[in-house]
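Listed next: structures, encoded as structure tokens.
The same chain A turns up in both complexes below, where it pairs with chain B and then with chain C.
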Partner chain A sequence: MAVAEAGTAAAPPRRRRRRLSLATPSLLGVPLAWLGVFFLAPIAIVAAYSFDVYSLYPGTHGFTTAAWHDFLHSPVYLRLFWKSVQMSLIVSAVVVALAYPLAYYLALSGTKRKYVLLLLLIAPFLTSYLLRVLAWKVILGNQGVINSFLFWTGMRSPDHPISQLLYSRFAVMLVLGYVWLPFVALPIFVSLESMDRRLLEAASDLGASRLWAFFRVTLPLSLPGVVAAFLFVFIPTLGEFVTPSLVGGASGYMYGNQIVDLFGTGFPDWETGSVLALFLLGVVAALTVVFSRFLRSGQAAVG
Partner chain B sequence: MDAALSKNGARVLRVFFALVVLFLYAPIVILLIFSFNKSAVPSFPLSGFTLHWYHEFLVNGDLRGALETSAIVALLSSLGAVALGVVASLALTRRRFHGKSAVSALLLSPLVIPYVVFGISLLLLFHTLGVPRSLLTVVIGHIVITLPYTILVIVPRLDQVDVDFEEAAADLGAGPLQTFRLITLPLILPAIVSAFLIAFTTSFDEYAVASFVVGSRLTFPIYLYSALRFPSQLPQVIAVAVVVLLISLTVVIAAELGRRIVERRLERAPS
Partner chain C sequence: MGNHEETERLSRQRLLKIAAAGGAGLLTTRLGTAQAALDALAAESGRLKVLDWPGYGNDGGQSMFASYVKKYPHNKPQFTVMANESDALAKFHAGLKPDLFRPYVGWVKYFATSGLVQPWDPKLISNFKHLNPFMVKAGQYKGKQYGIPADWGFDAILYRSDKVTPKARSWGLIFDDRYKGKIAWFDDLNMLTVAGLYLGFPRPWRQSDSELRKAQQFLIKKKKNVRLIWSSETDLWQAFGSGELWIAYAWPNDWVQMKKKKLKVVYMRPREKPVAWVGMFMVLKGSPRRRLAHAYVDAWSSTRSAKWLEDNYGYGHANVLARPSSSDLLKALQLTNTRAVTEPAAHLDRDIPRRAQYARMWEEVKASG
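Up next, the complex of A and B:
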């Protein structure tokens, strides 16, 4: 570095070029090394574990696809995965459908306080996740806020609380939807906000009704935002294990819980756990790649 | 005539918006109400006003310890993530190099990894290396997952800052570090502050990854999760919840409004 600077003092035009080529590795070095050691290497270890190339348990180990074979032929794990996919799909679809009108209102109604309202909408998302789940645990329980309110007002007898509220698939989906709803409006808002509003005026001048203009102009143009929003919910909820373990009970048990249990203290099976984890990662990575292509081509078409 | 929305349409959407906001804040308000409720079980009818539960949690040493631990973890990991995020963002916006899109995809990829997968991966890594689990292992994990957020906040700000300022400084003889310290840093400071706050709050609240790599000193979310299994602890947990939620809501809103005011001022300053 010192040599480079001493050498460049005499020749200013050359200095900048040389600084460029020297500085890039020194800027990127630490962040990339960090991710290499603490992000990519750990995933590689899980991959090695899933093929039994590597193990922390004593005994003979060698490359085998046995754990993968068992997994792909196990109705239990695949059915659980499919159940989690269904739950995440429903949550994502409902949440996106609810968020769309919110984003539409903020972006296109001409309200002056749109950024304040947007902040009001998103702020809960930026507060504690665990505490928002806790709130629902307090609300939904058999002796919780809803049931005790019903007993108190005499609308329901204390012997028969609505017991499906907590520890059910419904509870998991409700809480996940509640947690993600504020965030989902954001990408849709951004895509609606960046839309050229003259297109709508043109459509209306050419005789299109508002509804027709919405389906032919607004919706297609905001589709990249909708897809992004959908993925932002679908990907994290698919691997979710915290919410189901708090409000899901047995019927709300998800694929992520299975992974945790395989690495847990009961009957640990790290090899199978690695297979499940890697499979989930593969699905998520494939989705991300496919849809980021779609989003980029969408942007190119719009832009 | 408004092409996007009729008068009635706007009215309907406004009501819908208000209902959703109500739905989002109602659980928080319910916690607030029950945190002052005398009964140890959070249920109707309300049984009278008390500050007992707030007092309980103030004298609960474990809980205070967990809050302290989380503050330390969040501080270290957000400082680390911001430092890495700034240099990575500088490279992405100020340098040309091969494979930039691959590098930026890698830098952002922790955004999409399921935390359960990342958690067990880190656990296996630390087992393999023989590193005992501690606060440090949590910090390491949190830097990985908060790094993309800092980049997403800092890169757009760097894109807005005119490169001419930096080149002028360099032409006047400032070294790269000096240019950064005197020119770039002050101009991107609002983004750095909000990146820091995002990383801090994310780390402070992070449960999933921490649950795999936490040592014997519990972080606040881990403590909270274990306390949820004991009904006797519920009332004071609700009191803590209210305090933490209100503080984080205030910080988030103040930070966002502050950033917008400062950035607007910075934009006006050169002209």
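Up next, the complex of A and C:
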């Protein structure tokens, strides 16, 4: 009886352990399978395209690194990539700089309506992305809102509108900044709001001015949010193709447009298109790793 | 005499009998053929699968195939949109199996030799006789009718006559440094062909490596003048209409549309000649609805459909009986000239044997700068 009791008493932990060991893979299984089927497998297919070991098109195909060689030795594609990096960096930096005070006000001002204001900030997401981009055409065009206002005030004559507002790099960066601003404000808001306010009080008690407390306490503590926000903009804008194709014209053409065009227009060149896509993926992955390490070390330093 | 008359009567009777028998036989054969055609048509079932450009299906182009729908209500067309010929090619290889599609004349040889399409039987298209013979010939490969001509037009230059003073009647206007930021090019590898025409290469569709490099470098050098590289006419109309652009690589309909906006515009035929294009219906090999495909193309080829296309879309139609209501369009398309799409009026777009190389070099032009 005692043995039996001991046996039954020992059983539950073993069962729990077994349940635990089964629960982990079954919980992880679905997302892992999802990642495998819809992320890793397509990447593998694109990689196969880039080495010409797989192709939709008939003809002789075999392993070759020609497309990679051409890409790495073609100044055109690398220059286009660098141009897109520059544009994305400018957009990300400017948008983070603009979003920070906004998030700061919402998180730390103590206003009761902060969630209403936050809702207003993300209100543009209620309309379609395409519509929001197209609306800028109406604003920036030769006969758009800005130029019409300048004509009305007499600051410009209707024969000499500011033409470079639309179909230019400026237009692409402006619209991208507008589109991504709410995305940037949110992670900064979250990191600021979760900050322990007693640290600011302590800084004040120790004689720090508000500005000094901001630079020594608030900013370092909100840096993970800032970096996350920066990445939130930088990564998608680097591969962006919708906005440049709508408002970019010939000079606002970006790396993402080239990938789309290599797959879709002229004559299919999926090999080169795949190389460009994988290169972009590689750069973005590397940047994410670097930034996440920076985030960890930043957090450790602050902690 | 009597015998002779009898023989004569008999022979007449016999002749009449033979004639009657022959006539009946012929009629039977004809009826048999027609019956066989009807049987074959009846045997074809399901919706006709059409791969076509945007605006030519149930999204605005219904008038082009209304008579087909009326005749075959159980086999209504089902559309898939193609962005261009290479997109169509990608779709075929990815497993799409339409019954017919409509590439342009420069691709006839490519598709005819690809093993993807089969020749048409012109006898099954009652309106075939009204189609422009030159365009019909352009749809042939090795004597077989792989393409049935449909819409056509030109690539030439549109410019604002109140803003632009061309130095010459030449393709050079779309490269003119004086109009930096006011020029639009077309997003197509044909830009290399046009550069070749302007640079005086003897065979712009078959440029040598050094010629191609020169054409590419020339385009890269002149790209700084370009504001927009358009792929959708709507974008071109918007930018040209609002004054962002003064000069554009354009089609006749773009000129008509800009005239409608009361802009002072000229559609210039350059001395190096415009490039003409013709849409060609092609039927896919193994199509289970081959005869229905013929019926569909027959509806498209009718004079009524052709006139509708000219009036509403501003393109020419291969049916020579059709005339648009607009005299402007008639003039722009030179519709009274049945050889408007070929020498000496224009260069008909043609097969580019090194199309992949052209495409790669054009993509590099877009990526440059």
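Note that the second predicted complex is superposed on the first by the 247 of 303 C-alpha atoms of A that agree within 3 Å, B and C clash if a C-alpha of one lies under 4 Å from a C-alpha of the other, contacts with A are read in each partner's own complex, and residues count from 1 in each chain.
The definition used in the following text is that a contact is a pair of C-beta atoms (placed from the backbone, for glycine too) under 8 Å apart; a residue touches a chain by one contact, two chains touch by 3 or more.
Everything numeric here is computed off the predicted structure, so don't read it as measured data.
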| item | value |
| --- | --- |
| Contacts of A:W68 with chain B and chain C, given as first, second, both or neither | neither |
| Partner chain in contact with A:W180 - chain B first, chain C second, else both or neither | neither |
| Touched partner set for A:Y49, first chain B, second chain C, both or neither | first |
| A:Y100 touches, of chain B and chain C: first, second, both or neither? | neither |
| Touched partner set for A:F291, first chain B, second chain C, both or neither | neither |
| Touched partner set for A:Y77, first chain B, second chain C, both or neither | second |
| Touching partner for A:Q143 - first (chain B), second (chain C), both, neither | both |
| Chain touching more of chain A, residue-wise (chain B, chain C) | B |
| Partner chain in contact with A:F234 - chain B first, chain C second, else both or neither | neither |
| Contact residues of chain A, present in both the chain B and the chain C interface | 56, 137, 143-144, 263 |
| Of all residues in chain A, those that touch chain C in their complex | 56-58, 74, 76-77, 79-80, 137, 141-144, 161, 163-164, 166-167, 249-251, 253, 257-258, 261-269, 272 |
| Interfacial residue positions of chain A with respect to chain B in the complex | 5, 12, 15-16, 19-20, 23-24, 27-28, 30-32, 34-35, 38-39, 41-43, 45-46, 49, 54, 56, 98, 101-102, 104-106, 108-110, 115, 117, 119-121, 123-124, 126-132, 134-139, 143-145, 147-149, 151-152, 178, 181-182, 197, 200-201, 203-204, 210, 213, 218, 235-236, 238-239, 241-242, 246, 256, 259-260, 263, 270, 273-274, 277-278, 280-281, 284-285, 288 |
| Of all residues in chain B, those that touch chain A in their complex | 1-6, 9-10, 13-14, 16-17, 20-21, 23-25, 27-28, 30-31, 34, 41-45, 84-85, 87-88, 90-91, 95-97, 103, 106-107, 109-110, 112-118, 120-125, 127-128, 140-141, 143-144, 147, 167, 170-171, 175-176, 198, 201, 205, 207-208, 212, 221, 224-225, 228, 234, 237-238, 241, 244-245, 248-249, 252-253, 256-257, 260 |
| Chain C residues touching chain A - in the complex, by the definition given at the top | 83-84, 86-87, 89-90, 93-94, 181, 185, 187-189, 223, 226-229, 231, 238-239, 242-244, 355-356, 358-360, 362-364, 366-369 |
